[in-house]
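Two complexes are shown next, each including chain A; its partner changes from chain B in the first to chain C in the second.
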Partner chain A sequence: MHKLKPRAHFALFVIFGFLLFLVGNRVDELRVYQGASIAVFVIAISSLILLTGYSGQVSLGHGALMAIGAYSATLARNEFQVPIILTFFIAVLAAAFGGALLGAAAARLSGPYLAGTTLALAIGLPSLANQFSILGGEQGLLFDVGWPPLGLGEDFTQYKWFFWIAALAALISTWLLSNILSSRYGRNWRAGRSNEVAAQICGINTGRSKILAFTISAGIAGLAGALLSMTIGTVSPSAFPLALSFALLTGAVLSGVSTLSGVMIGAVILVAIPEIADVVAHRIGSSENITTNLPGFIISALLILTVLFVPNGPVEQHRARAAKKLAKKAEK
Partner chain B sequence: MKALNRRKLISVSAVLAVASLTATAVPANAAEVGVSSSVIKLGMTLPMTGAASLGYNKIPGAAKAYFDYLNANGGVNGRKITLVVKDDRYVPTEAVARTNELILKDKVMALLAPLGTANVKAVASSVNPGRRGVPVLFVNTGFSGFADVKKYPTTFAILPSYIMEAKIMGQYIKENFAGKKIGLLYQDDDFGSDALAGFQTAGVNFAVKVPYAAGSQGAAAAAGWITKFKAAEADVVILFGVSSATSAMLGTAAVLKYAPQWMLGSVGGDATTIKLTGVPAGVLYNAIGFSPVPATTDMNDEYIKLFSDIYAKAVPGSVFDLNVLLGMNTAFMTAQALKAAGQNPTRKSLIAVLKTKGATLANSALTPVGYSANSHVGLTGYWIGKYSPAGDLLPVGGTYVTYTTDSGSGAVVKSTYKRPAMPAKGLPN
Partner chain C sequence: MQLLNTILIGITAGSIYSLMAIAFVLVWRSTRVINFAQAGMALLSTYFGYEAVTRIGSFWLALPIAMLGGAIFSALVEVILMRVLVKHSSSGPIAAVAPIIATLGLLGLIRSVIAMIWGGQDLRIPPPVSNNGFTVNGEVLVFSPLKLLILITTFILMALLTILFQRTNLGLSLRASAYAPEIARLSGVRVDLTRTLGWALAGAAGAVAGVFQTVNGNGNFSPDSIEFSLLLVSGFIAAVIGGLDSLLGAVIGGLFLGLVISFVLIYLNGGLFFIAPFVVLLLVLFIRPQGIIGAKAGRRA
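Moving on to the complex of A and B:
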C-alpha cells in the first residue's frame, strides 16, 4: 500500500488548517457558526467510522457517549473552575472510561444485540441527568468557555472563537486518528472485522482489540460532546436525543463508513440539510407541512441512494473506480 | 496512486468547504434589521415535528392567522408582518442553530414565543440575543428565571410562573379543602422545585409528595404513583407535571377506578393535548384547573369570538384550543407593541415600549401583566375552573374570579384587574 510520508501527511493537515483560518476570517457569523458545527460533526462521525468501519462494531448510542463528555467537561468547568483546555481532556478521559466499560460488554455481543445495548444506552443515559440535581435536570447547566482572548481584537466574535477551538480539535483528532488507523492497531481492527477467527489464528486478541476500539471511539465522541455543548453554551439531556445518534450514523454512512477520508462529506451534509431544505421549500412555495418534513425526507433519500449506489461511500467508490481504470491501463 | 488520491481528496474537500461557506453573500444592513418600508420580519423556533410538538405545533399557524388578518387590514403603520417559522424539534442544539439562521440569515427584527426552558437557556447563552439587542418576546415557559432583567435584558416572559401557580393553588386548597389530605405529583427538576417553593410559601402541608423524573411518565409509572396516593389516603391529588404525566395518571386511574378530587396544573392541563394522547376527555370531568386566559369555548368573550372566527377561516377544521389562543394572543400583543414603538419601530424602541407601556397593552388574558422598567414578569395570575364532561375548563360558578400574586413572598389576592376593552376589530390602535 502506497502512502504519504508522515511528514507530508502532517503538512497537509497544517495547510488545511491554514485554509480554514483564511476562510473563517472571510465569511459572516452564521457560516462561522456552521463551520464550528461541521467541525463537531467531523469529530463525532470520525469516532463512529473508527468503531463501525474499522473495528466492525455497531453503535446506536454515540449520542450518550457525547453526553458523558459534555457533562464531565461542564462539571469540571462549573464545579472546579478547570481551565478550558483541560475540560476537553477531561471530557475525552471520562467518555473513554465510559466507553471502556461499554466496550467490555460490547466485545461479548455482536450484530443486533450490540445495536440493542447501545440503543438502550442512548435512550437511558441522558435522562440520568434528571436524577441528580448536580446535573441540572431537564433545563441543564450552562457551559461557558469564556470570551475570546482580548489579544485577538474587538471584532473577534464568540462564534469565531468556537470555530477556532472546534476546528483545531477536529484537525488534531483526525490527524491522530488517521495515524492510529494506519498503525498496528488499525490493521488489527480491520483483520478482526474481516474475519474474527482468522485474526485470532494470527495471534490477535480480538476481544481486547475491540474494547480498545470502543474506548478510543468513545473518547473522541466525548470530545465532540464537549465541543457541542460549547457551541450551544449549555448542556442538557434534550441536546443528546436518540435522533443525534442516528444522525451520526447517517453521517458516517454518507461519508463512507469504511474510510476516514470522506468524513467531511457527512458532516457538511448534516449541517447543510436544513438550509438546503429551506431553499427548496421556498422555491416550490410549499406549505408548512412540506417545509417541516423536507429535511428528514432529504436525509432519508440520500441515505437510501448512498446504500443503493455507493454502499462504501463516495470516496471509496472513487478509489475503486480509479484502481479499476489503472488496472485496465496496465492490461493494455 | 493512493497518495495522489488522498491529496486530490483533501483538496476537493477543501474546495467544497470554501464553496459551501461562501455560497451566500451578506446582504447590506437596512435602517433597522428586519424592518423595511413595507415589511416587518419576525422569527419563531419551536417543535414542529417530533414527540414534543404535540399541540404546540399549532402555535405558528395561529400566530400567522392573526398576522394575515392584520395584514389584510392594513398591517402596522402600513407595514405587513411576516413570520419566519423554523422547527427546532425541542432540541437545544437545533434551537440554537435555527435561531442563528433567523437572526443572522433571515435577519428578523425580533424573536417570538420560543418554547422550552432548556432551549431558551441555550439560545440565551450561545446566540445571546441580549448582547445583540434582539427582543425575545413572550417566551413560552413558566420558569420564573427568564423574568430576570439583568440576565436576560431583552427577554419578556408571558406565562405566569410556576411559583405563582402553586401559591394560588395553595390558597384555593386552604379555602376549600381545609383538613383534607393533599397529595402532590411533581416533576423532579426546576419545574417541580419552583412548584414546591410556591406551595411552601402558601403553607400547604402534603400528606404525600410523589416526584417523577421527566421522561419516566407512563402507565406503569402511574400505577406506582396511585399506590402511593392510595396508601396515604389522599382526598385531593395535585398533578403538577407535563401533559403526558397528566394523561398517564388520569388514564390509569380511570382503569383502576381511583377517583380522588383531581387538581391540574396549567402546564399539564390542556384538554386538547391530553385528548391527543388517546385519553378520553371524560376522565377530566370535575377536575379543578387553572388558566390565565378565558375559556376557549366562551363565545361571550369578545377576544375568543374574534380569534376563533379568524382561526376558523385561516385553518379550517382545526380545533380552537389553548395553544391556538396563546399563539394568537402573542401575535396580537406583538402587533400592538410594534404599533406603539413608533412610525419606524426599532429593536430598541420595541423593548422600551414594552417596559413603559407593556403592562397596559390590550390582550385577552384576565390577569394583569407585570412589565415595568425593571420587571419582565408576564401574566401574574389565574382564574380557577372545573372541567366539563367534554373536557373544557369552565369557571367555577360561571364567572371568572381571578387571583394574582408574585414569584416571591407576596400574598395571593383576589384580582381587581379590569381587562381593557378589545380595540376595534381586534386591530392595534
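Moving on to the complex of A and C:
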C-alpha cells in the first residue's frame, strides 16, 4: 500500500474538516447533535484501537478512564473557572495520569488478566462518585461549556457549537494519533504485539512501550469523556456504565482494531444503532421490553458476529482480499 | 460479637464467590478462556430457577433444575460459539483478545435477551428457610438458618466435585485433557467432549452461585442486578487469587475475598463495596501474580 506524504496527509484532514463544516451548516439540529456524538465516539474508539490493535492490550475500563477525564474537566471548570479550552487539556492530563498508573499494572499482565482488572475498574470506579461529596453523587455535576461566541451569528445553535468543538477535537486527535502510529512508537507497539521476545531482542523496552501506549490511549479517552459530558451537559456515574466500555469495544472491533482508517465505521454504527433498532421495533410492532433492549441486543450480536467472521475488521478484510488478488495476478 | 458476625458473613459470601471462581477455573482449564459471560449464564440460570420455583413451589427441586439449565446452556455455548471461534480467529492481530471480546459480547447478548423475555423489573425467589439470625445468649446474630444452609450446600457440592475429579475415570480424563490435551487424545480421551463437559460443570456451578447470591441478598433480582456484577468481579478475582488453574485455590480465594470484603465493609466503610475487591486484585497481581496455588509460570497466558 502506498503511503501519503505527511503534508498531503495533513491536507486531507483539512479538506475533510472543511467538508464537515459545509455539511454541519446544511443538516437539521438532530443530525448535528448526532454528528457531535459520532465525533466523540471517533475519539474514544481511536484510543481503543491504539491500545488493542497496536499494542495488543485489551481494556474494558475505557469507560472509567473517560469518567476520569469528564470529572476532572468539570471540577476544573466549576471550582476554578478555567477557560473552556483548558478544561479539555486538563481532562487529557488527568486521564493520562490514571492511565499511566493502570498501565504500570497492565504491563505485567496479559490477555484475560488485564481484561479482568480493567473490568473490575470499570465496575468499581463510578461508585467512587458517591464517596466524595465534591463529585456530586448519583445526580452528578453540571458541565456547561457556555454559549457559542456571539461573533458566529445569531442563529448559531448550541448543538452546532458542540459539534464544532467535538469535530475539531476529533480531527486534531486523529491526526496526531495517525502520526504517532506511523512513527517509531507505533512500530515498537506493533513489534511488541506480534512477538514480544523478538521485539526485546531488537532492543525495544516492551514494558515501557506498553505503559506509554496505555498512557496515550487513556489521555485520548479522557478527552472523549470530557466531550461526552459536554454534549450531555452533566457528568454523573450513570453516564459511564459498563455498557459504555462494551460499546466502545464493539465500535473498535467493527472498525477493525488494527487499522485507524476504519474508525469512522464503528462510530457511525454506534450512533446509528439506536435509530435502526427503533425502526425495526416499529416494523415488527413489538412490546416495550423488546424495544428498549433491542439496541443492546444488536450491539452484542454484531460484536460476536464480527469477532467470529471478520475478526480483523472490514477494512483489513478488504485489504487482505485485494492483496490475495494481486498475488494471483502476479502468478499468472 | 461483631467479629463473629463479620467472619460468618464473610464466609457465607465467600463460599458463593468460591462457586463462581470454580466456574471460571473449570472453563479456564478446559479451553484456556476466561468466560466473562459466566455472570450472564448465572443470571439466566437464576431465571430458570425462578420459573421452577413459581411453578413447582419447592426451592430444593428448583435448584437442580437451574443447575441443569445452566449446564445445558453452557455446553451449547461451547459447542456453538467457542468451537467456531477457535476455528476462525486463531491468527491475526486480534487472536489473543478474540475470546475475551466474544464472551463479553455473549454477556451483553444474554442480558438483553433476558430483559426482552422477562422484562427489566425485579423478580423474587423467596428464601427456602428463614433469613432471621440465630439467637445466642439473648443476642441476635446476623448468621441465619439460610446462611447455614447455603454454606452446607456449597460444601456438599464442592465435595461432590472433588470426588468427581479425584475418584472417577471421568475426572481423570477431565484432568488429563486440561493438562496435556495432545497426550490425552493419544491415550483415547475424547478431548472435545471433555471440554464441553467442563463448560457444562461450570454452568452448573455458576447457576448455584447465581441462585444463592440472590437469596442471600434480599431475594430480588433483575437483568441489571448489581449483585451479578459483583458476582462476576468477585468470582474472577477469587479465581485469580487461587491461581486460575486450581479448584482448591478457587475455594480458598473465594473464602479469602469474602472475608476481606466483609471486614472492609463492616470495619472501614460500607461504600467501598466495589473498590475493595479491585484493590485486593491489584495487590495480588503485584505481590503474588501466580496466585496462592499456581504454577510457577508467569501470567502471560
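Annotations for the structure displayed:
Following the convention adopted for this analysis, the second predicted complex is superposed on the first by the 331 of 332 C-alpha atoms of A that agree within 3 Å, B and C clash if a C-alpha of one lies under 4 Å from a C-alpha of the other, contacts with A are read in each partner's own complex, and residues count from 1 in each chain.
FYI, a residue touches a chain if its C-beta (ideal position, glycine included) is under 8 Å from a C-beta of that chain, and two chains touch if they have at least 3 such contacts.
Remember, it's a predicted structure, so these values are computed and weren't measured experimentally.
Because the two structures share chain A, they can be overlaid on it, and in that overlay chain B clashes with chain C. Residue contacts after overlaying the shared chain place A:G296 against chain B and chain C alike. Once the two complexes are laid over each other on the shared chain, residue contacts for A:Q158 go to chain B alone; chain C is not touched.
Of the two partner chains, chain B is the only one that A:G35 touches; chain C does not reach it.
Once the two complexes are laid over each other on the shared chain, residue contacts for A:S258 go to chain C alone; chain B is not touched.
Once the two complexes are overlaid on the shared chain, A:V14 sits clear of chain B and of chain C alike. Once chain A of one complex is fitted onto chain A of the other, the partner contacts of A:N130 extend to both chain B and chain C.
By the document's definition of touching, of the two partners only chain B reaches A:G140; chain C does not. By the touch criterion defined above, A:G233 lies against chain B but remains apart from chain C after alignment on the C-alpha atoms of chain A. Residue contacts after overlaying the shared chain place A:T52 against chain C, while chain B stays out of touching range.
Stretch 129-137 of chain C is the one among 111-119, 129-137 or 165-173 that clashes with chain B after the shared chain A is superposed.
Comparing the two interfaces of chain A, the one with chain B and the one with chain C have residues 127, 130-131, 243, 292-293, 296 in common.
Those residues of chain A lying in contact with chain C across their complex are 52-53, 56, 58, 60, 105, 108-113, 115-117, 119-121, 123-125, 127-128, 130-131, 193-194, 242-243, 246, 249-250, 253, 257-258, 289-290, 292-294, 296-297, 299-301, 303-304, 307-309, 311-312, 316.
By the touch criterion given at the top, residues 28, 33-34, 36, 81, 84-85, 88-89, 92-98, 100-102, 104-109, 111-113, 115-117, 119-120, 229-230, 232-233, 236-237, 240, 269, 271-275, 277-278, 281-282, 285-286, 289, 299-301 of chain C touch chain A in their complex.
Of all residues in chain A, only 1-4, 12, 16, 19-20, 23, 26-31, 33-35, 37-38, 127, 130-131, 137-140, 142-144, 158, 228, 231-234, 236-239, 241, 243-244, 261-262, 264-265, 268, 272, 274-275, 278, 288, 291-293, 295-296, 315, 318-319, 322-323, 326 touch chain B in the complex they form. Here chain B touches chain A in the complex through residues 1-3, 5-7, 9-10, 13-14, 16-18, 20-22, 24, 26, 48-50, 60-61, 85-87, 89-93, 96-98, 100-101, 104-105, 116-119, 121-122, 124-126, 128, 143, 187-191, 213-216, going by the rule given at the top.
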